[in-house]
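Encoded as structure tokens, the structure appears first; notes follow it.
Letters A, B and C name the chains as they come in the text, with residue numbers starting at 1 for each one.
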């Protein structure tokens, strides 16, 4: 389907505002939109979260079942993250299997959870080489208002934080009822747009932005993942700045997550 | 998480069902119109534990072009279930069940729309089941029709939809999960409330002709109640009555 | 304007009356065919839609955005299921075939007039008349097309007030696209006011309410 239609003069206008240190929704360049988190939203899931970030809305569900471990990690549980950009979320999305955009989002969210070691996969081993817990994280975008990386990460970790392992359903002895998550990975996405760097971009800003950088930090402020996107380029100085700001913003978002669950 | 098991009896001595409802009683329902920002029209519905979003885009240009009808709009209806919406995780992607539901729902909805007003265009309807608890096809259709109205699509009427069925030799309204999984029959119905014309009808089970008649009567009563909620959802958005 | 009743498709809105816009008749009764506000005009009853797609009509002045350039015409998105075709001959300047992109490029915004809509909804437009032009700066926002008359107001009262209070230049296209421009003007206030009109189009005394809002924002 076609791209979003944005008039050239509207682009110039947004660039102009950014030059002046503001944006079309009157935010400052580093300001995030309101975050709203509702956990335990879907009873049939083992963990779930409905999250909105401004106009963007995402529902994530966690499901756990037992299965065989991978051959190279016989003593570890399995984490599988999927993202779906539902056709209801945007006029330019179409029904069908996940495309490049959805796959990139699911890979980046997966990286955040895995590399921060938010889940101790070894604790999900039931019998080495035979049976482990498999954790499915399904991120469903239902309203695309921009910045899907950050909102997907928030909803995935919020759903995992509140997930309960379905021991009874699978006749297993309970060792722990929750996933025991001790670090909260949070991503922050910066967009270079009209000679400025802005955070938490809207879908219009993303469409006219030159280049994007997502930085994932954990609770100890370690950087656990990064992803550069879109065609343009960053200088090393700019990257330094984005890393610094993202770490700071990450702290604020983490606070919001903690107070919401 | 809840496993759905067959109860010893579906109806107790006092005539109440396993969830405490009367035989002709709907589960608690909540409908909200215009809940999504990007879609042209949208609706969120809860019926019991069912949680469903419906969104409408259009009328808009048809891609691919060869699907265009020169004298009318086409309707595309896409029913999909989130993997976490059911007890055992569902693999993503449409199965045969979703495709069939999408087709009959598309036809049920289409019959209420003045298609000739928008030649060569398409009205896309997307339904996402976030949580499934029996009756998703009918509940989706109820939400989809509110989303169509919210998008400003010209229609003869709304479409209200619910199921009736048979358990313990009784015809009951709006089957819940144990009743749906272990009952004797399920009759999903959709209708245009003004004329009571039926635009969707399926039956799955074993019923006599008299029982089918009774089941349709009861489902229609359910549709009328849902219709009141649909109207409220749309009217409360603009403060009017 | 009295506050009007909200109606939904299929709702009975009158008997023995003429079926106006967005209604249909069955026997003696008139029913709403869209979600909107009932407008009883005495012998006729109609519905003012809350949202609806823009369907082009001959003579409408609309804001289009170029989506494609051909060897002898441009295609414009006009916020409708139907694109409009602007032929090279109806551009104000004389243009050689093949030079179209020097004048209008993809994503350029223009004010054009709809010249023809055929039965199959093929739409033609022109730009060679006074007031029709390429937009060089400013913002374009979109509102629901049925709200356009409300933003303009009776005898253009609302739009004149908006221009006066915000000092912005405003152009309201029939297709729900609004151009907001001006160098030293209150663009955000103007946009917020327009969004407010769109949302509260059904309440009475709206012009005064919007004027008060703009006065308050100024302080």
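One rule holds in what follows: a residue touches a chain if its C-beta (ideal position, glycine included) is under 8 Å from a C-beta of that chain, and two chains touch if they have at least 3 such contacts.
Which protein is which chain? UniProt says A = Exosome complex component Rrp42; B = Exosome complex component Rrp41; C = Exosome complex component Rrp4.
What you are looking at is a predicted structure, and each value in this text was computed from that prediction instead of being measured.
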*Tell me which chain's centre, taken as the mean of its C-alpha atoms, is farthest from chain C.*
A
_Between A-C and A-B, which chain pair shares more contacting C-beta pairs?_
A-B
*Could you give the separation in Å between the centres of chain A and chain C, each centre being the mean of its C-alpha atoms?*
38
*Could you please state the distance in Å, as a whole number, between where the Cα atoms of chain A are centred and where those of chain B are centred?*
32
*What parts of chain C, by residue number, touch at least two of the other chains?*
none
*Could you say which residues in chain B touch two or more other chains, in rising order?*
60
*Inside the complex, what are the residues of chain B that reach chain C?*
40-41, 58-61, 70, 112, 114, 117-121, 149-158, 192-194, 230-231, 234-235, 237-241
*Complex interface listing, chain C residues touching chain A*: 65, 67, 77, 105, 107-109, 135-140, 188
*Within the complex, which stretch of chain A touches chain C?*
2, 5-13, 24, 26
_Using the touch definition from the top, list the residues of chain A that touch chain B in their complex._
1, 41-46, 48, 55, 57, 59, 61-63, 65, 82, 84, 86-91, 95, 97-98, 136, 138, 140, 142-145, 166, 169
*In the complex with chain A, residue positions of chain B that touch it*: 1-3, 36-39, 42, 49, 51, 53-55, 57, 60, 63, 78, 80, 82-89, 92-94, 124, 126-128, 130-133
